[in-house]
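Which chain is which? They are A, B, C and D, in the order written, and residues in each are numbered from 1.
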Amino acid sequence: MLIPGINDNQIALLDIQRKNRGWKGFITPNPNCTTIGLAITLKPILDNFGINVVIMTSMQAVSGAGRNPGVISLDITDNVIPYIAGEEEKVQKETQKILGAFNGESIIPAEFMVSSTCTRINVLEGHTEAVLVSTKDHCEPDDVSMIMREFDPFKGLDLPTAPRNMIIVNNDPFRPQPRLDRNNDNGMATTVGRIRKDYAVKNGIKYVLVSHNTKMGAARGATLAAEILIKKGYIG
Amino acid sequence: MLIPGINDNQIALLDIQRKNRGWKGFITPNPNCTTIGLAITLKPILDNFGINVVIMTSMQAVSGAGRNPGVISLDITDNVIPYIAGEEEKVQKETQKILGAFNGESIIPAEFMVSSTCTRINVLEGHTEAVLVSTKDHCEPDDVSMIMREFDPFKGLDLPTAPRNMIIVNNDPFRPQPRLDRNNDNGMATTVGRIRKDYAVKNGIKYVLVSHNTKMGAARGATLAAEILIKKGYIG
Amino acid sequence: MLIPGINDNQIALLDIQRKNRGWKGFITPNPNCTTIGLAITLKPILDNFGINVVIMTSMQAVSGAGRNPGVISLDITDNVIPYIAGEEEKVQKETQKILGAFNGESIIPAEFMVSSTCTRINVLEGHTEAVLVSTKDHCEPDDVSMIMREFDPFKGLDLPTAPRNMIIVNNDPFRPQPRLDRNNDNGMATTVGRIRKDYAVKNGIKYVLVSHNTKMGAARGATLAAEILIKKGYIG
Amino acid sequence: MLIPGINDNQIALLDIQRKNRGWKGFITPNPNCTTIGLAITLKPILDNFGINVVIMTSMQAVSGAGRNPGVISLDITDNVIPYIAGEEEKVQKETQKILGAFNGESIIPAEFMVSSTCTRINVLEGHTEAVLVSTKDHCEPDDVSMIMREFDPFKGLDLPTAPRNMIIVNNDPFRPQPRLDRNNDNGMATTVGRIRKDYAVKNGIKYVLVSHNTKMGAARGATLAAEILIKKGYIG
């Protein structure tokens, strides 16, 4: 399971997959679209300050449910659906894996809990997530803002589909908004705002993110993953 | 600031207000509509298990912003607004006051933090809140469900506007939904669902609530408050 | 095909159906929900002034499409679907039949054309229709308003499900609106507004109507039909 | 009042305006955004077959009402507003003027009536209009489709903002849809579909159009008008 720029260190798992199964090719499953924006924004926090725990509430777009049958208008107009089957478990497991360590043989999942409430709202595209992180080391909102802005995992790689900014930080308190921010950098950037201190947990930091669930969260994200695999010699 | 059934013990403050200001009448400000559903559901938890900390994300209806100018369709259709000015501070302060102790002279605010992210979504009426509580004493979801169902602060008072159930607990994981549940008991009940354990904090319990922001959260709530004040001899 | 109060004179067709097919029971198909509000409002116009032609544009609610699969949110949010397969043909044929004459043996369809454009919009319940009628005899908007208000086909019948007013005329130019008017008289009344002259056709009258597509337009309408059939001795 | 490509023959009025008022500059008011798509699609019909009468129902986007205060979500969610003050009169007068003749001194308005019902629906951008035209000469839907596709008033003018196609005809009966078609040719094309015969009026043709009310219908349309005025030597 690969989020380009986040867990590229785990790509070597493909060699192990090939060896174990006698395959020439390989399979890299796409992570859940709700995990992607979360894991991307947690990565620089984890690398710089460590993470004790993550608490997240998602407000997910209807396109995440696809079209067959998808979410019918009668259910979501003027409404919220407060449950998406299996989603909260996936968000925890996938985030722990993607942000886990790789010991050369297998992934050691990150140890921090990821507690979430995943809801569906009446938005076409773009998942919005309200995130609270307790970090191991003390940090200020300005520190988080800076490391997010500077987070540039594709530097020098020259990947055609990579966003100009992996994370865009917007200081306007009324942002990010899914309709206004989902298409930033062709839907490949994750937009973050409202970075602020939280006093409910130790070293608490809160923020809101918007991630395009059907671009970075799906097809284009898969293209970007392929571009990385080509660079690393797994494809082509 | 009075939520009927929740902080009736603080009504005696009105005597102090009258005395201090030389008034015959009194003023009881309405609490914020986002605080109301939260405080109502926290009350039986606080009384039975104690509270360490509360973390909440709200998805608030556009009617909460009124009509002058209110939320325009161009801003909220296919969108989320992740900020409501002053709301998160109000939710913390008002919840601490309403659930605080009264020593006969003044209110001693509750000590637990209430960390929130307040957002506006495209729903006409009914605030939805994803709540996480860390309790002092261990409790199971079934315990919380039971004390919420049994919570009956108006028992024997025979108030015309009081809801039949102060809190309705719905076990369907897809509930509560604002369009389906906001009008329960004429918009006076707070509906709770998805009560479950949380492992991100000590003794963690999570749930989702829906509260009618312009019924219990405004006009009808004020009527109910008046009915209580009449019973207690402050009016009439 | 029966709209209670509109084509009760055609009920005797059931005797012919029974005789021809050797049945004891009978089948009365429900008319299309888009036809119902239209035929109800045309009936007093036809009876009083005659009709040359009807031109109608509908803006239909998503509930008209049911739930299997119904209209998905991805298709209708921030959108209009300008076509509903088969609907425009049905509206013409059914309106002509329902407002046709009955010669004791069969229905002679009304001769006027009913030209429509049927669209789907992002409304949960309540079909809105912009109607233009060319009448045979000259009439003024006030005449139309009066005959609609006075239209009372259930007078003296004492039917439990019948609306207090078959047609409600609202003089506020901003009415009828589906969210505000669909539930008038328990969803059994058709609400009409914006009655005005039209100069595009001879003796032109225009108006807008709202009709509850899943109450008068479906289940409750069927109940009302049954109540009439009981009165007439076909059931019970 | 200028719609680029539609009434460029009336530009000489500016000379008269300048002379009469002793101005060096001039003022060209933008037509109403609802008139624009209608007049554009009527122009090739008028030129080829003549027009007896036009009957139109609009479903207009909320952006047409601007932001001050604009349309509030409480009024339009799950709803239709069946009236826009002054709009129907404007549509008739402006269409008659824009499609009128110019005798070298003044505009002689077109004589055909334009009867409309203008409504507001819950769409962000893009006005949808259901149009019925009675033509002077007989014509078939295929004829109308062909002359609309071939309508190319900017041929050879090389204007930067001009749409590649003034009118796009889509044969899919489910099109045009405002969300899918409003941005065709950068919001400068008018998209037409559902061209079909109508039997309610003589030589009846019906169609549905979508026009971007804040692009061709406002700012970009004004830019295009300026580009034409430069070509004709009125600016620069």
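Brief remarks follow.
FYI, contacts are C-beta pairs under 8 Å (C-beta built on N, C-alpha and C of every residue); 3 or more make two chains touch, one makes a residue touch a chain.
Just so it is clear, the model here is predicted, and its values are computed rather than measured.
By count of C-beta pairs in contact, A-C exceeds the other of the chain pairs A-C and A-D. Distance from the centre of chain B peaks at D, each centre being the average of the chain's Cα atoms. Centroids of chain C and chain D (each the mean of its C-alpha atoms) stand 33 Å apart.
With each centre defined as the average position of its C-alpha atoms, the distance from chain A to chain C rounds to 52 Å. Distance between chain centres (mean CA atoms), chain A to chain D: 45 Å. Residue numbers of chain C whose C-beta contacts span two or more other chains: 77-78, 122, 124. Residue ranges on chain D touching chain C, taken from their complex, read 53-55, 57, 59, 77-83, 85, 113-115, 117, 119, 121-124, 128, 130, 132, 173-180, 193-194, 198-201, 204, 206, 208.
Chain B makes touch with chain C in their complex at residues 77-78. Contacts from chain C toward chain A in the complex involve residues 62-63, 67, 69-78, 122, 124.
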